[in-house]
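Structures given as structure tokens follow.
Below are two complexes that have subunit A in common, paired first with subunit B and then with subunit C.
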Partner chain A sequence: MGYASLVVTVAIIAGIYSLLAIGMNMHWGDTGLLNFAHAAFFAIGAYTSAILTTTGGEGLLASRVVGFEFPVVVGLVGGSVLAALAGVVIAVTSVRLEGDYLAMVTLSSAEMIRLGIKNEAWLTSGAQGIKNIPRPMADAFPLQLGSVTVGYDLFYLGFLLVIVAASYLAFTRLSESPFGRVLHAIREDEDVPRALGKHTDVFKLKSFGLGAGVAGLAGALWAHFFFAINPSMFLPGLTFTIWAAVIIGGAGNYLGAIAGTLFVVLTRQVTRFIPGDIPMSSELPFIRLIVIGIALIAILYYRPAGLLGDEERLVAGQMEAE
Partner chain B sequence: MAGLDPQFIWFGIVSGSLIALGALGLTLIFGILDFINIAYGEYMALGAFVAFSLNVEFGLPLFVGAIVGALVVGPVAIALDKAVFQHFRNRSAIVLLVVSIGLSFVLRNVIRIVWGSGSKRFDVPIEEAPTYFGVRILADQVGIVVLSLCVLGGTYLLLRRTDVGIAMRAASDDTDLARLRGIDTERLVLYVWLIGGVIAGTAGVMLGLDAQLRPTMGFTALIPIFAAVILGGIGDPVGAVVGGYAIGILQEASVVVIPSEYKPLIGLILLVVGLLTRPDGLFGEATR
Partner chain C sequence: MPARKRDGDTGNGINRRQYLYGAGAAALTGLAGCSGDGSGGGSTATEASDDGGTATDSGSNSESGGPIPIGNLSPFSGGLGWIGPNSRRGVDTALNAPEGVNQAKVLGRTVEIHEQDTETKPQSAISGFKTLDSQGVFSMVGPSSSVMPSLVGPAQDTGLAIVSPMTGTIQLDEVGGEYIWRTVPSDGVGARAQARYAYNEMGHRKMALAFKNDKGSQSFSAASGDYFKNLGGEVLTEVPLDPAASSYRSEVKKLQDSGAEVVSMTAATEVSGLFIKNYVEAGAEDDFDLLLGNDVLTEGFIEEMGADVMEGMVGQAPAPGPAHDVFLEKHKELHGKAPGAFAASAYDSMVLQALAYQKEGEVTRDAIPNHLYDLGNGPGKKVSTFAAGKKAIENGEEINYVGAGNPQNFDKTGDPLGPFAALQATDGKWKEVKVYSAEDLSK
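Presenting the complex of A and B:
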């Protein structure tokens, strides 16, 4: 029983990270934009949804004056929308920058957003974090279906899988639509769509907004499952983990992004299933990150297109500097 | 500027020295290798932790630890180039950036395994700061500023007066042209890693002296350092140093106008404004 519930929790983490990877794949895989602010979009989604659905109040370290107690669905929508807006705002200042400059600006912007979340305690409870975030439909569980009892975690996993599947279908459709083809053209050579009269900046803003929006949705879903959030959950390391997932899985391929996420999440979580008394057990958290780092480098060397990446398309490993 | 305490200027000079030192090493590497090395933060942390081991675990004076810590990072940077970056030499800057993220994962967690993930301090006395002309000045801070100036000056002479330095500047300007003139750019790459690594190690020790040592210390210091590199014009050492001091002093002086929690914002604002208005850097001599 213990293992079964762990498996469900790990699957929920994998599902939420898959949404992050889908958003990142829209940015990097489809459009070739180097977004290093993903953790911030995730944080904006989580915080927005938490603030919209909880009540403010006195805390041990900080007093939050803002809180709305709206239904969870308002939080999910609000979190996605605000994250998308944040994506567009960051992109407006920086989308014309060349590749690695964009990486620096987005990385710095993400840290500033985290700094804001940490310091504006009236809005976010600061370092103390927000607790008691409501779970949707929590009262209905555990649910007795004949002789089978369905626990809340299992229900949430099902709910999450529906959202991941819907996002996957929506984003693959989008990627194959005329809109997606313009994004791919921008990725290959921005001058070409521009010569055809496309406003490439507008397309890049839309790409940034859509990817950030789904990252915001992931954040909201995270907050509503894990009850509590705090600023240290949204460090740049999270952004890098999602990058590793997308590159390992194969940039430009949404199924690849999800496969890469599964690899990364399993590598990070597998140690939960290992008994604590084996040698080096206290170093395991660090060893698994080393494994991800080595896997990332090895994939880029041996299989630049990633596990499921399409060799025909532009891939991280084949794009030469201009 | 009314109400600007000279104390903030001194703090600005101290943090400017740290940023300038870090930015100098990074811009040298960036200029020749042509990619953003995220693992540079871990190079800095490594120098600090080696110094920590010698200073605290072996009881040696800090300056011995600092020298060894700084010097160790040069060969380590060369070894990592041989092991990792060399195999990606003809790939795009973005691939190298992602590779350096992978390397930074590996290095940071090796540091955590060897030294633990808690925060540590060098074995230096904690004392009240004496006051000169109304400004509190710690001995550690004087050490940081003086040593940084020595390294900055030494590197300037190296780049101006020695054959290797002149070749480095040429290659940073235009690698192909330098190769055409008979400069062995592959050998030059080794010198760049060596010099850049030693500077990173020094910067790491100084960072540890200014605050605490943590496995993430290098990474968290990177953002203002990147801002200084880009502000100065990538590959331009003088620009990076000027940019570093500008960001350091403006950050500390900004507490007069904005809450001090938000002073890192100055680096970002300078970065964005700089990129949008002067994409070639302060002095307009960028390599690309």
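Presenting the complex of A and C:
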């Protein structure tokens, strides 16, 4: 029971992070945009969906006055759409920037959004976070199917896997479509598609919006599974974790993004089983992080293109320079 | 231009399909790692039992089993990473000190602690909780306010009880009594002591609130302001303190301008230290008195800030439980230093859990919901060590555990209601100036 529950929970976390990685891969892998605002899109999705599906706060710490009780599906759609809009708005202000400059703008935008969530308690409950977020179809479980009992977590995992699979197929098709080829051209050398009459800024806006939208969907799915959210869940470290997943998996490859996410999530989980009777066991929490860091360095050392990445993409810029 | 690679070739001579097989095998190996018996995973070494046997993950466990797996899900890293080691030492003292759990043994068995780090983040706390569940722990010493609300659902779903020594948030005031317990009083209780002292003893009628902008500090501050208003006072303004700020001069100025006579300032040491520095620089002592949160009520903090700076400042903390002095000696003997914040509550949490199994007569997850309330409240013989409690239970007596951090008299929602003391910084030490009884604070 305990192991099954653990595996299902870890799989759900991996599934939601996979959606984030898919969005990040559209930004960086396909379009070459250095986006450091992914945690903010995730937060917008989570908070939008939570606000749309819960009532305002109650009790002494209830500073939130905004709340609705719409069905969960409204929250999922609303969270995705608002995150996509936020992505477009951030991109409008910064899409002409490249490289480090875009990274700085997106990172600071993400922090502004997070601090806004933390301080605008009338809307978000501030540091107290939002709790008692409803789960879709929670009343129907556990479900007895003959001699088999299906728990809620397993149902949610199945639901999530369908969404991950649909997102994977949709984004893969997009990547291979004429739209995707323009994004790849922007990534390699923006002057080329411009010379061909393409409005590259519009393509970049669309890329930003799509990637942010799927990140928002991930946030909404997170909120509805884990009951409670608060601003400390959306620190920049989350963005860097997804970056690590995409780079490890191989930028530009959606299957790689999912594989990289699985690697990161499983590594973090498996290191929780390091025995406590080793020397320096009191430092185990830090040893875990060191082990994870070493694993990442080792992978990038031996496979710079990532697990499933395309080495041609990795050296594209250098080949042109030569 | 290099020759095009065949589709699916990832370079390095590895075919993509081969690579996927490899990645799949690695993932399965990882999952297999998760599905070991878990007996040693993440556990800290404690005195081993000679008995064999393994624990089951949710059912009961016979008397002849091996060590009883109990979890410690605490923040060992992240923003509250300083609390986890305090909790660990408190638990260790409960287990390994004279008359401790592993000396007297629970139903003939020792206790083995499985630690998991919450990283002070809800995501990691949930992973840690599920990991402990998979390792078959029967109950756990629990985490901080910042992650606890995310664990209420999982605890109820799995029937795995959490007894937290560090969760003060008033969000849990109406939650618990079955699988959610705490051995540290709610912020609501400490805040009442603070507000009463400000209103009755200091004679203030106008208060302002300043708090580190996190869940726990805000919870305490809101409760203090609310009770001050109930007493007849007025709360003029609320000022959140950004923990990443490099200065609180503008916040101090805002408080000066508010006309408050007293400010309830709730924050941990770093924020408090910077705030007090800016408070003194601005000469705000002439405008308002300062009431501090209990995280800074250590002599180390007075030493760091300077005894002259701190002279006269007031804070409040749970009045030590009846067994505190004994705990203090044991802790010093085992760890060579005085216990840190929440260590005494962690000690109580561990002893209470062990007594619950002893009283249940078998090791099962039902022991905590079945017995913790009665163990804390009595009536019965007052005991303050596991050995004494075990002996009384074996003699068929009812017991009333009186703890080190608190008397541990629980209410129906699993919160202890005990006395609080107001402390004033005097000549470099915290001196008790007023004690409010549990009865005073329940009014």
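We take it that the second predicted complex is superposed on the first by the 279 of 322 C-alpha atoms of A that agree within 3 Å, B and C clash if a C-alpha of one lies under 4 Å from a C-alpha of the other, contacts with A are read in each partner's own complex, and residues count from 1 in each chain.
Throughout what follows, a residue touches a chain if its C-beta (ideal position, glycine included) is under 8 Å from a C-beta of that chain, and two chains touch if they have at least 3 such contacts.
Small disclaimer: the values here were computed from a predicted structure and weren't measured.
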* Could you look at A:55 and tell me whether it touches subunit B, subunit C, both or neither (first, second, both, neither)? => neither
State whether A:127 touches subunit B only (first), subunit C only (second), both chains, or neither.
second
Touching partner for A:109 - first (subunit B), second (subunit C), both, neither | first
Ask   = Does the superposition put A:177 against subunit B (first), subunit C (second), both, or neither?
value = neither
| said: After the superposition on A, what does A:119 contact: first (subunit B), second (subunit C), both or neither? | reply: both
If you stack the two complexes on chain A, which partner ends up touching A:286: first (subunit B), second (subunit C), both, or neither? both
Partner touching more residues of subunit A, subunit B vs subunit C, is chain C
Query = Which partner does A:274 reach: the first (subunit B), the second (subunit C), both, or neither?
reply = second
Dual-contact residues of subunit A (subunit B, subunit C) 118-119, 286, 289, 319
Touching subunit C in the complex, subunit A uses residues 1-3, 5-7, 9-10, 13, 59-61, 118-119, 126-129, 131, 226-230, 232-233, 250, 259, 262-263, 266-270, 272-277, 281-282, 284-286, 288-289, 303, 305, 307-312, 319
Per the touch rule above, subunit A residues touching subunit B in the complex are 34, 93-94, 97, 99-101, 103-105, 107-109, 111-112, 115, 118-119, 236, 240, 243-244, 247, 283, 286-287, 289-290, 292-297, 300-301, 304, 316-317, 319-321
As the complex stands, subunit B meets subunit A at residues 34-36, 84, 87-88, 90-95, 97-99, 101-106, 108-110, 112-113, 117, 219, 223, 226-227, 230, 259, 261-262, 264-265, 267-268, 271-272, 275-276
The residues of subunit C that touch subunit A in their complex are 1-2, 5, 10-12, 16, 19-20, 23, 27, 30-31, 33-36, 38, 40-45, 57-58, 76-77, 79, 81, 84-85, 88, 113-117, 119-123, 126-128, 130-131, 133-136, 146, 149-150, 152-153, 158, 170-171, 213-215, 218-219, 222-223, 226, 240
